[in-house]
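One structure is given below, encoded as structure tokens.
By letter and in written order, the chains are A, B and C; residue numbering begins at 1 in each of them.
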Amino acid sequence: MSLLRLENVTKRFGGLVAVDNVSLEVQEGELIAIVGPNGAGKTTLFNVVSGAFLPEEGKVFFEDRDITQLPTYKRAPLGLGRTFQIPRPFSSATVRENVAIGAMFGTLAGEVSVDESLEIADHYIERVALQDHRDKEAGTLTPVEKKLMEIARALAMKPKLLLMDEAMAGMNPMDIDDMVQLLIRLKEEEPTMSIIAMVEHIMRAVAGLAERVMVMHQGAKLVDAPTKEALTDPRVVEVYLGQPKGE
Amino acid sequence: MIFEQLAGNLLQGLVLGAIYGMATMGLSLIFGVLKVVNVGHGAFIMVGAFVTMWLFNALGIIPIFAIPAALIIGLALGFIFYYTIMRKLIKAPELATLLATFAMGVLLEETIKLIFGSEFRGYNWAVGKIDLGITVLPFSKLYACLGSVAIAVLLYLWFNKTRAGTAMRSVVEDSEGARVCGVNVDGVYALSFALGIGLTVTSGVLLTMFIPVGINPYMGGPYTLKAFVIAVLGGLASPYGAFFGGLVFGLIENGSYTLFALLPNVEPFALTRFFSFAILLLILLIRPTGLLRTK
Amino acid sequence: MKVDLGKCYPLIPVYAIYLVMFFIGNNMPGMWELMAMLAFYCALGQAFNIFLGMTGYVDFGYVAFMGVGTYGMALGITRLIQFKALGLGLIVIGFLLAMVMSTLLALAVGAVALRLRGAYFAIATIGVNEGFRFLIEGAKIWNGSEGIIFMSHMNEAVGDKIASAFSTFWADVLVLIIAALAAFVTLYYMRSKIGYALTALREDEDAAKVMGINVTKFKIIAFITSAIFAGLLGASAWALKTPYVFPPEVFEIHYTVEAIIIVLLGGAGTLLGPVVGGLIYGISKYYLAIILPGFQLLIFAPIIIIIIVLFPEGTVGMLKKRVKGTTLERYIV
């Protein structure tokens, strides 16, 4: 049984095909990266998996259960977590409350009390080293701190699969390294959790993080292979050499 | 006999509907461009009504000439409210603009009440009528209807033939994209809001040409609800949809009134008002973005 | 779910204010009327805040729930008058009816409106008031536009003396109790998962869904709760005080306006806010009525605008920021 399985998913917006017949399988504990330039369809794909969009064709299975039509809010308790490219904190709530919300309505929904959720929140806040900001309003954090809080909040959901949406865009190389180390450590602590990280084309992060890479181009899957193989694939090289410098 | 009466009422409904439609175009314009729902809509219509009444009763100016006066007053109000209030609320949550426009409406109502008092007023512009067989239409109502259609046509030309109008359309489509293309989005917002308010106040003139009585500071309320029904009918962001929605609404309103009047043990006027609300809920249930969706 | 008594600190200032109000009204001559009015506004604010403050959605048709509650009491007393032996029990039934009827109306409206986003929701609710009132008048339900006069029924059921006691004293005490209850429920929600879910959906509805929150369910919970308190308020402050109900009066939109002013003034989404807002608004209105009768809205409309633009968090919101990090923090919520 695979954790996540996409079968021939196609998503159109009017005449534009944003996701073109994409199939994908993710197993428990895998760490894969979806790579592709802007507009390649990665965010749309994430949106289909998290339930914001209904695909025109194809199906999405989570633990062999068809969730294609399942409303977004029902996917979290099943084990699907997500962070956003531009963090979406609940601004007027504190960092602690934000992360606790993850615990309350994620896979532990119905099993934890408010106090227990706050304790779980404290644990993950420490993991991302935000404990000094614990009682601050989330809206007052810096962008990097908000990103870290997003991750803590998603982790508090105790997801089986974490969709990380361009977690590294807009960070300088040192921050990226820290982030990569953090994620590797997290993976060691939660070996059964799978992560799909969606990145543009930051090679350092990709190489340090993922065991497998799927490259998307214009909505379709170009390549889906172990990291080294994928990055040296001639088709991938061609797609990226065609991009302007500085990305 | 019944059919003749029904047909007559329906025609009157169509005439009134043109005015309702025109009254709603401002609402749709503001929502389309600024994504703001003007909850105080009816109050602005009321302002137009008072302008007409005062110009006629105090200065003897006939309502047709009240139209440009109302338009100017409306534009001025719109610009003032935009630059003092709305502009500061662009980043605020939706709740803020809803409450702000609501408060603007209340402010207008209370100010007019302070100046004119809360009694019901009217005016009498007797210009004769025209007999159309199934019904008799006073010329004032005819002028109101023609005025509404004329304004709708002018608006169409504005959106499609002028630079400013095209800029507005671009912002409706995609404000970020428009900004990137060099459109002065803030200017478009200001102009759209002002124009929307201007249209709404002007519609008050036309409305009183149709119903020259019952003018009081709180008359706007029912029109706000009707405008929302019409806007939702025609698509909240589409001024043209609003116009046609108005026609449809006029028909439904008069038609249902005639039918309710036939039923025993009901008050047709009140029931018609309830009916409009029921329609609103029904449309929102089925298709919130509008039944008659035009571009 | 247990509520730890230690967490009840925020209720202390609220209940203290209510107790003070009661004592002033009861013991100082001529003050009862003012205190009763203040109590009404505090209760109105607390009830309205449960929805507006916690979800960030505006229900422009809110007063319809008060109207329906008034009808509930009126109908309970008039239609069940054959059970007049129940005496005060009839009044209890009236309250129950008020709760049931407001719940039903809330469900009916909510089923359509709560699935809609902000602006569409506001539009849907604008007509609720009008719609319901004109349904009653148009279809001549419950005596249509003639309304219900039930003073004689009240006298029959509980006797002249008690009926009059309600009118002059007990109705207002009940209003204060309703306000206190609403405060308790507000705090309870705030501290529970309901409160967290509502905060999330208020800030970012889509992100809340991704976090696993069934936003519609929580909106409905807040909506119905708020509606029930409105119904109870109508049943006591209106029906029990003046035993007649007349559609244009109980569906008057200006009560919704006042509720909005009170909640914004005090601080939407806070516990103490509606109390403070109710007091400020009530006292201002009382004295304005002496100086400039009939024009309090003229003064308050621009005040709302100023609050929205400059002080969206309201009086208590600003107070909260000031006391952050001090011992007062746990009292001002």
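We take it that a residue touches a chain if its C-beta (ideal position, glycine included) is under 8 Å from a C-beta of that chain, and two chains touch if they have at least 3 such contacts.
All values reported here derive from a predicted model rather than from experimental measurement.
Colleague: Going only between touching chains, how few steps reach subunit B from subunit A?
Modeller: Each step joins two touching chains, and the minimum needed here is 2.
Colleague: Can you identify the chain nearest the overall CA centroid, using each chain's own CA centroid?
Modeller: Minimum centroid-to-centroid distance belongs to C.
Colleague: So which has more C-beta pairs touching, B-C or A-C?
Modeller: Here the pair linked by more C-beta pairs in contact is B-C.
Colleague: I'd like the Å distance between the centres of subunit A and subunit B, where a centre is the mean of that chain's Cα atoms.
Modeller: 47
Colleague: Please report how many Å separate the Cα centroid of subunit A from that of subunit C, as a whole number.
Modeller: The answer is 43 Å.
Colleague: Compute the distance, rounded to whole Å, between the mean C-alpha positions of subunit B and subunit C.
Modeller: 32
Colleague: So which bits of subunit B are touching at least two other chains?
Modeller: Not one residue of subunit B touches more than one other chain, so the list is empty.
Colleague: Would you pull the subunit C residues touching subunit B in the complex into a rising list?
Modeller: 52, 56-58, 60, 112-113, 116-120, 122-124, 126-128, 130-132, 134-135, 137-140, 144-145, 253, 257, 260, 264, 294-295, 297-298, 301-302, 304-305, 308-309, 312
Colleague: Can you list the subunit B residues touching subunit C in their complex?
Modeller: Counting only subunit B, the residues touching subunit C are 31, 35-37, 39, 85, 88-89, 92-96, 98-100, 102-104, 106-107, 109-111, 113-114, 221-222, 224-225, 228-229, 232, 236, 260, 265-274, 276-278, 280-281, 284-285, 288.
Colleague: Given the complex with subunit A, which residues does subunit C contribute to the contact?
Modeller: Residue positions touching the partner: 1, 191-193, 196-197, 199-200, 203-204, 206-215, 269.
Colleague: Sort out for me which residues of subunit A touch subunit C in the complex.
Modeller: 50-52, 71-77, 82, 84, 88-93, 97, 100-102, 104-106, 109, 113-114, 153, 157
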